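Below are structures written as structure tokens.
Shared between the two complexes below is chain A, which pairs with chain B and chain C, respectively.
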Partner chain A sequence: MTDATLGGPSRAPSREEQAAMAEKSEGGVMLAADGTPLKLSLARSLRRKRLRAFLLVLPLLAFVLLTFIAPIADMLFRSVENQIIPDNMPRTVAALEEWDPAESELPPDAAFEALVLDMVEMEAAKSHTRVGSRLNYEQSGMSGLFRKTGRRADRVEGDYRAGLIAIDEEWGERQTWTTLKNFSGAYTLGYFLSAVDMTYGETGEIVAKPELQQIYMFLFERTLWLSLAITGTTLLLGYPIAYLLANLPMRTSNLLLILVLLPFWTSLLVRTSSWIVILQQQGVLNDTLVALGLIDDQNRLSLIFNQTGTIVAMTHILLPFMILPLYSVMKTIPPSYVRAAKSLGATNWTAFWRVYFPQSIPGIGAGAILVFILSIGYYITPELVGGTSGVFISNRIAYHISSSLNWGLAAALAVILLIAVMGLYWLYDRIVGIDNVKLG
Partner chain B sequence: MGDGAGEKPFVVFDRVQKSYDGETLVVKDLNLGIGKGEFLTMLGPSGSGKTTCLMMLAGFETATHGEIRLGEKPINNIPPHRRGIGMVFQNYALFPHMTVAENLAFPLQVRKTPKAEIEAKVRRALDMVQMGAFGGRRPAQLSGGQQQRVAVARALVFDPELVLMDEPLGALDKQLREQMQYEIKHIHDSLGVTVVYVTHDQAEALTMSDRVAVFNDGVIQQLSPPQVLYERPMTSFVAQFIGENNKLAGRVKAIEDGEALVEIDGGGFSRALAVNCGDAGSRTQLSIRPERVTVGESNLPNRAEARVQELIYLGDHIRCRMSVLGYEDFVVKVPNTPGHAHLAAGETTTVAWHTEDCRALDAA
Partner chain C sequence: MRKTLLAGTALVAAAAAPSFAQNMEGTLTIVSWGGAYSASQQNAYHAPYLEKNPGVTIVNDESSAEAVARLRAMTEAGNVTWDIVDVTGADAIRLCDEGLAMEIDHNEWLAPAPDGTPATEDFGETIHTDCFIPQIVFSTTFGYRTDVEAWEGREPDDLCDVFDLEAFPGTRSLERRPISNLEWALICDGVAIDDVYDVLETNEGQARAFAKLDTIKDSTIWWTAGAETPQRLADGEVVIGSTYNGRLFSLIVEQNQPVKMLWDWQTFDLDGWIIPADVPDEKLPLIKDYIRFATDTQRLADQAKYISYGPARASSAPLVSTHAELGIEMAPHMPTDPNNAGNTFLFNYEWWADNRDDLDAKFQAWLTR
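Now for the complex of A and B:
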């Protein structure tokens, strides 16, 4: 009856066979069937797979590198780049090397001679005006000084020092020469100092700018605080909506979700402009309030072209970015948790606050990060509705890029903004944990 | 254990109806009394209304009509958190952001129990389910069986008089499920708490319960202790749903002394207990348990010729599918004992049964 001795197909492998399948060499390294180390043959078999994966992402990688990362890196590099001075004024740069503004009022005669020679050469190449405007960012008046000196430099002979001071008394001021020395290197911290409202003093030390010229730190602070306010208002408005969406039957919630997404299908400019129509002094809201007799015609509320306008318009625009992550996280919280809490004796509020809310925190985290980072770099909306008191640092960056053409300062501001965002991101990771952020 | 009939019942469903859409009734006219300390199981296929009944008792669904009373008090308008009923959910519903101990402390904290007392009670409840060493773990770090134990402990930690369990063992594998059945049963015995248990697993219902309410189509088909349910089913649905069952459709010829003579549709006659059939002339369905059928020559009153269709060897018994009186699915369990009948597929033999093992039920 028994067929055990026949050795059917289900027979267990014998001890010798098991030993042969994966043999341990004397060094304790696992060997594959052909005698090569197991690790090596595993790596070999995975190599093709890796290569394939790499080739699949290669086109996108190249595109991103070429059109995104490289230009940004180039742009950010401008925040420290200062090649124009050593390129155009090599003699002056060399002559000023030995001079210490803290020790003597003016540089040695050699520096004056070098400047005149450089100036003549620059005038011939028509580059003295460009160098002048570059230095004008650091000290106003430099542009005019260079233009004036360039015109007359070839007539200076003999006593270079007296000749230069005769052209303009500015050459007799220590500050002029300090500025030249401070910006004689190929790389400079000057743009970053300007970006945090600092500058070089008369003897080359770093000092705060005069009170009236300090604008960037104030703008950074305002950007930060307005972004926080916008994040707060979107959370306040978005949380109940997301909760409702997550707890409605599928059909209804899908319909409502389309309403949430509807703004995405309208141009950003249209949405922002419509807020102007609604909120301006002669706008819909003010007219209605006056008609209702709630406010006096003389005292119409100023709701736009200030911080209020920026907060209102940006809250509206960024609201979907808060609702969607919240919704997708809330959707995954089973209703049985709240039921369990209630059956254990918790009131509606306790069940929400101690059981539901903690589980929705990853959604809050994701939404808050998204909205905060989007708003900290927002440009169009504050530009249109922010007036003067509601603009962000990004508007200032745009100004330096397109109007004042001080790209170095724009780049320095952008770098600081980038570092600030990454710093906040790091802080968030430390406090909340980035793996706590869920988008669905 | 109360049987719900003698003393005053602790939980009462009084003519309760429930409809979700205003057109169909999910629960039709439910009347049920549950005694204090009883372990009552609501058993039925999905959609039979058993979970709805449990949710109405817990307060998560409102009864469309009728009254639910807990300890004489109507609770229809009392919100769930003031009912003081412990509940174990199907997927455990342990709060993932709290440790096991915090989960257990939750119902005590919302009741403003003093801290020292909370600690003592949590420890006692964890020890009761042999989870004393796991207080600091998160639910996600526990296995399914351990989570189940914690869920039971949490439902009991605030000393409720009534605990509801909604298919609590559904997610566990078979072996663990059987072990947990005994554990829950032991906890019930030692605490004397009233338990209402919902399941669709009839073996679970028979193992654990004092009484089982079999639901079908929004109606309680039968409310009996397990052995009565199995041995004396009152309707053909119960006979079919609990355990294995051979059903033979036929027509009542005559009834005398509680015994019915039934003419079976496939030919032949059988005597049966007239449990739930009409008068002479009405349709009926006979119910015979497979293990009550004798194979081979015997002097039993009801006999029929049988042809063996299929044999399945199951160790302790042999399952034999036969064709009897025109029914192809007549199953007989032949015990694997010394001297049992040796059958072969295709063989023709005789099957027989006692009149009291054959029940004439409704013709559903």
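Now for the complex of A and C:
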């Protein structure tokens, strides 16, 4: 070993060289034209190739990482981040560390003093309202409490406890202090608890929210169930269309394909609104049914602003995502197979079911996974036609992003949705096999 | 003595202002709601301002609906591209609390009334936070169709007729949020207006409000965009529904639909400007100049020519004249007109700022059940 290092180039032998040397010691070795062992020079050139390929995709990789993965990761990180409290109320956080809500009704005097001092500082930095809004997500009234206390905290002297309670009786309630303590860490589980309809109780234990406020688990369930229903209806409607497209002469099928793509190119909002025109109680469909005497004018059907509306509109909107993969897979199935089956005595049904259908499964897999994943995160169509019984979890995420500004809860809901989708994807891979999915 | 002196100086300042004002230059990005509302601002504020200052360019951005979230994202990214943002009163409180909107000195920024009354007095209660520069008072109120056969000639004239399915059968259209709906439910359940928020703060009070809404839940469609109720009223899809009064005005007066206003217990709400906290310092003089111009007494009164929202300044009210195109008197269509404002209440901003998250979760849970 020492000899090799002395005699050879002055660097430690790489793994390839060691392998080459090991081989040499076993017996003869093939040499390349320049005298290096063939295996070694091959490995080198391969490595160079791989490096070049990596450098070629590097810009794209960096782009995706920077503009896609990083912002999403940053956003999702908010679901546990709670830096604002320890940053703004360091004294209170420290003073509450020792206090156990289960043992005593209220924290020690030191906590009251710390809170007043923190509050005066926050008021000067104008951050007390931000902290108040943050805590208001956990307990109603915190926002007002902080605004009010911030205005008067600098006048509290001597007996801090009495002074604070004089500003607002809320400071004499255990719940207020428990909330402060529960959310004093730099990281919190609170958003995730809210996202599964749980919360911290008066003494810091985890309890279910009152039944009147339980909403998210129910919405997750509904999102899942409606997405499955939409996937099912698009498959049911899309399969025959794709079959027709794949088996007609080129000229006719191209024409029909344009009919499939035309709505695809039309604005989403236009398509959704036209469903409102068609399906509403004074709409085209109901008017026709009344005119035909099939239903009574007083009992018009409610077809929109409920689950039916969501399923109908979304099935229509997502249909191309089912038809196109199905069509491109069916296009590759040689018609001679079905003819062969028939010539061997199969009925039409057997030939389809035993010969044609199994070959179209990769298309079904691709279409189903596309439609399902698109619909589980769908937002605008359910918002417009879903009424109250047809909205998805994404509508609540949007509400928390754009309206309540509770981005932590929105992020927690999004993380759960992401995990659920990945879990389903894994299950799908186990059952169907992702290798079986073909887009064309 | 002190007041007259103050008023006197203000008068002098107001009179002197035009001669001192130098022409401004630069670009202003102004965010508003789009549609008829942005058009009214274009006509009443932007056009005369640009005429006075040919060196200024105004870029209109119509994203007020998601202004709160976008402003927060911009501020966090350290790249605020908006200069002036039009938001509702409730959003202004949120932005102010979050430190995203600039706190301003209203008397320094805003012009006094023509008689010298300082801006804070002229705007009065409409200035509800240090960040908010009010423009208009609008209301959320009801419109109903006048041709419903099942009503046998009756017309609703009382808010509680909305909850009366026997006398006034048909589908309702209400906003998909707790604000206003819960107050209306309690008023019609017999709670005195002064007690509404006290009652609503208790669990029993909330249960009472939801129970009242339960009585019409099956015949209600819930809206999220202000244009939905007018559209549904025009289609005959609903017979009575709440929305912003300006939307109903254009449905009734401009589009001549068989719809009438039910003003009883309309909820007053405010809309106005905020300045993002992180606008660059060199932009401030231009922003200040524009705001001072666009919120003066005449400009606010002019806006009412184009849309039926009441100016936020007391001194603008007497100057409200006729509709710019139709030539009709605008005063009777204002939510603040004495004939319309018999029973009104002002949306309680502070109370809702505290309780909105909680009640919204309860409201959504109630809706899904």
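Here is the rule we go by: the second predicted complex is superposed on the first by the 393 of 440 C-alpha atoms of A that agree within 3 Å, B and C clash if a C-alpha of one lies under 4 Å from a C-alpha of the other, contacts with A are read in each partner's own complex, and residues count from 1 in each chain.
Operating definition for what follows: a contact is a pair of C-beta atoms (placed from the backbone, for glycine too) under 8 Å apart; a residue touches a chain by one contact, two chains touch by 3 or more.
Since the model is a prediction, treat every value here as computed from it, not as a measurement.
After superposition onto chain A, partners chain B and chain C are found to sit side by side with no clash.
Contact with chain C, but none with chain B, is seen for A:I401 once the two complexes are overlaid on the shared chain. Using the contact criterion defined above for the overlaid structures, shared-chain residue A:R147 touches chain C, although it does not reach chain B.
Of the two partner chains placed by the overlay, only chain B lies in contact with A:G345; chain C stays clear of it.
When the two complexes are overlaid on their common chain A, residue A:S336 makes contact with chain B while staying clear of chain C.
Once chain A of one complex is fitted onto chain A of the other, the partner contacts of A:S104 are absent, as it touches neither chain B nor chain C.
In the superposition on chain A, A:T252 makes contact with neither chain B nor chain C. Residue contacts after overlaying the shared chain place A:T36 against neither chain B nor chain C. Of the two partners chain B and chain C, more residues of chain A are touched by C. Contacts of A:V355 after superposition: chain B is touched, whereas chain C is not reached. Here chain B and chain C sit at a least CA-CA distance of 46 Å once the structures share a frame through chain A.
Across the superposed pair, chain B and chain C touch chain A at no common residue.
Residues 126-127, 129-130, 132-133, 136-137, 140-145, 147, 212-215, 218-219, 222, 280-283, 305, 383, 387-389, 391, 396, 399, 401-407 of chain A are the ones that touch chain C when the two sit in their complex. Interface of chain B with chain A (complex): residues 58-60, 79-87, 89-91, 93-97, 106-107, 110-111, 154-155, 158, 164.
Residue ranges on chain A touching chain B, taken from their complex, read 334, 336-337, 339-348, 350-351, 354-355, 358-359.
Chain contact summary for the complex, chain C toward chain A: residues 65-66, 68-69, 72, 94, 96-99, 103, 171, 176, 221-222, 224, 232, 235-237, 350-351, 353-362, 364-368.
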